[in-house]
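Right, I'll just put the structure down here and ask away after.
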Amino acid sequence: MDKLFIPILLGTTRPKRESFKAAKLIEKIGRSIDTIEVQLVDPGDYNFPFDGNDPENKDPRYSALTQRADGFFIVTPEYNHSFPGTLKRMLDSELRNYVHKPVAFAGVSNGIFGGARAIESLVHTVREMGMVVTFSDVYFPQIQNTFDEKGELLDQGYIKRIERAYAELIWMAKALKYGRDNLGGPYHS
Amino acid sequence: MDKLFIPILLGTTRPKRESFKAAKLIEKIGRSIDTIEVQLVDPGDYNFPFDGNDPENKDPRYSALTQRADGFFIVTPEYNHSFPGTLKRMLDSELRNYVHKPVAFAGVSNGIFGGARAIESLVHTVREMGMVVTFSDVYFPQIQNTFDEKGELLDQGYIKRIERAYAELIWMAKALKYGRDNLGGPYHS
Amino acid sequence: MDKLFIPILLGTTRPKRESFKAAKLIEKIGRSIDTIEVQLVDPGDYNFPFDGNDPENKDPRYSALTQRADGFFIVTPEYNHSFPGTLKRMLDSELRNYVHKPVAFAGVSNGIFGGARAIESLVHTVREMGMVVTFSDVYFPQIQNTFDEKGELLDQGYIKRIERAYAELIWMAKALKYGRDNLGGPYHS
Amino acid sequence: MDKLFIPILLGTTRPKRESFKAAKLIEKIGRSIDTIEVQLVDPGDYNFPFDGNDPENKDPRYSALTQRADGFFIVTPEYNHSFPGTLKRMLDSELRNYVHKPVAFAGVSNGIFGGARAIESLVHTVREMGMVVTFSDVYFPQIQNTFDEKGELLDQGYIKRIERAYAELIWMAKALKYGRDNLGGPYHS
């Protein structure tokens, strides 16, 4: 069986973003799992100048990778109890490419809640896009204390939590791939 | 293959509830689909006296039917932008029985929004329980004008909308049953 | 000026509820503030047998105290990322009595999030009822470790956090009372 | 008394945005109310290149107008059950300027729900910012059928609905201005 392709979507272009460290860790652990291929998607490398899924807000490289994806891992900081605008612009730029593909979430914050509310807000949006939400969220509270100056992880407990989220995401990706390949329906011809 | 068992969970015991008519219609259409077995679950017939999933808030008949279920169709009215307390008590009474089973939603209101906000609120709860949310919601706005005095449907467009929600629910139930039976994991031994 | 009347609404009747300790602490601190009169409302002492605001789901004592109230302090545990059914039944039983009265929130959980998601869910409901939401929430994560066996508070930091929530609630209660008494409008004749 | 200053915040820069017509109508009706001064804020005229409230994501003109504001009217389209990324970037760029100022909402959609879910999502964010949410939302479902080709309103019922939202917003703006001017507290020195 081919490897499952899992883009890791980072949620912000904020220059000081600490969530980049969380995304890099999730990428690193993903690379150690031999049934998947991961790719870190930094919205700063793409171009979504407007809102919505009109052609003028699409980036063909993002279109291609979402089409090829078997699932997604979204890493979002929390700003004011919700996700960043950049993440919404990027997600909104496509639609049909997401249908019946699973999504795992990691939330990031400087405070004590680890992006839990950003994830709750995001669930509504990705459900409407047809993504299938999983429930093994990873939370990074007090991200500023989670990595050292060189970006090294200080709390090894995260490894197991991220592996558990991947296990759930892969389970769901396999079940949905079975569905897309075998169960027909209006979305998969 | 055995028929998929789909309980239809009605959300309220309110004496004047119009959502009962919507649930009966969903039951009737479900009976016409030969790959599924449906059962209308009226919370008025069960006993959930408290909150949470302690033994004192469980009803063994509800425990048995959620364990046997392959998926759920929840029919909820909207009170103050959310679901009724009765529905939450019933759902909260179980936990592991819901994992990796899909759920479809029908929302009911007297106003113009058809329970859309009750469904949004519910998504958070059922995701945490491990249910897998689908995205072909059925909305019953102005329910008081949707059926005549005898409970006969006045707008035949609902039949196609409910059939579409069932199609999506069945697709997901089959994919997840494949997963539960073949993909292992910590939830299915 | 008369004291502002602030009912403290407890969210659950679950026998093992730890949130009762949080509500008692909030009551105790409220009693030490001389501009307010507080009253702990335990839903176990009231009767809300159904859903909605029909007469059969009203308790006249709750009707009276919500009518008299100048604001509310809701103490809710979090079950499955939302509030308990009992709290929803109680809140739904009234409507006009809440308009233009402020509400503060305390969330309670055994886990690390302190009911943050239960509060988010609740915001939608109380806004629709006309309550005015404040933003100085109090969170009780790991409530099982916050009080000792006799119910004595182990972390004195909560006192300041609760006092800050009261300060914000009282500020808003005074501003809205000014409005109700002086600004007319369709809700206050 | 000086006029209350109410910026009308449009939520998207999408080239085909129909919500601009709704915002123009809300501006026009606002101009007819002699106790307020309104200003339509088109995010296409401002510059928010990143996320968050760091200096590099601020526009000094937006900083100035939010500081001067006595309340806000947000006009948001709904994309995938939530608000556009552009609106979030703009709102996130400031923080303290919003505290204890009221906000009214108008939602816009091509479908039947008029942005109701975008408004629900937004409530969490503006509450955290300290804005005080009102509950007289205006919904523009099927916006493409609400104005003619010249932008003339086809359904005069909107005028009364918008006037009612303004009445509630002005009531709350006056009550909160009384508070800010007279009640002290940590946010207003």
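When the chains are written out, they are named A, B, C and D in that same order, and each has its own residue count from 1.
Everything that follows uses one rule, which is that a contact is a pair of C-beta atoms (placed from the backbone, for glycine too) under 8 Å apart; a residue touches a chain by one contact, two chains touch by 3 or more.
The structure presented is a predicted model; accordingly, all values stated were derived computationally and were not measured.
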{"item": "Relative orientation of copies chain A and chain D, as a Cα rotation angle in degrees, nearest 5", "value": "180"}
{"item": "Label of the chain whose CA centroid is most distant from the centroid of chain A", "value": "C"}
{"item": "Where chain A and chain D are represented by their mean Cα positions, the distance between them in whole Å", "value": "30"}
{"item": "Rounded Å distance, chain C centre to chain D centre (Cα mean)", "value": "28"}
{"item": "Centre distance in Å when chain B and chain D are each reduced to the mean of their C-alpha atoms", "value": "36"}
{"item": "Per-residue overlap in chain B, given as positions that touch at least 2 other chains", "value": "81, 117, 120, 124, 127-128"}
{"item": "Touch list for chain C against partner chain B, complex", "value": "12-16, 48-52, 54, 56-57, 77, 79-92, 117, 121, 124-129"}
{"item": "Complex interface listing, chain D residues touching chain C", "value": "120, 123-124, 127-128, 130, 132-133, 135, 167-168, 171-172, 174-176, 178-179, 183, 185-186"}
{"item": "Contacting residues of chain A [partner chain C, same complex]", "value": "81, 112-113, 116-117, 120, 139, 141"}
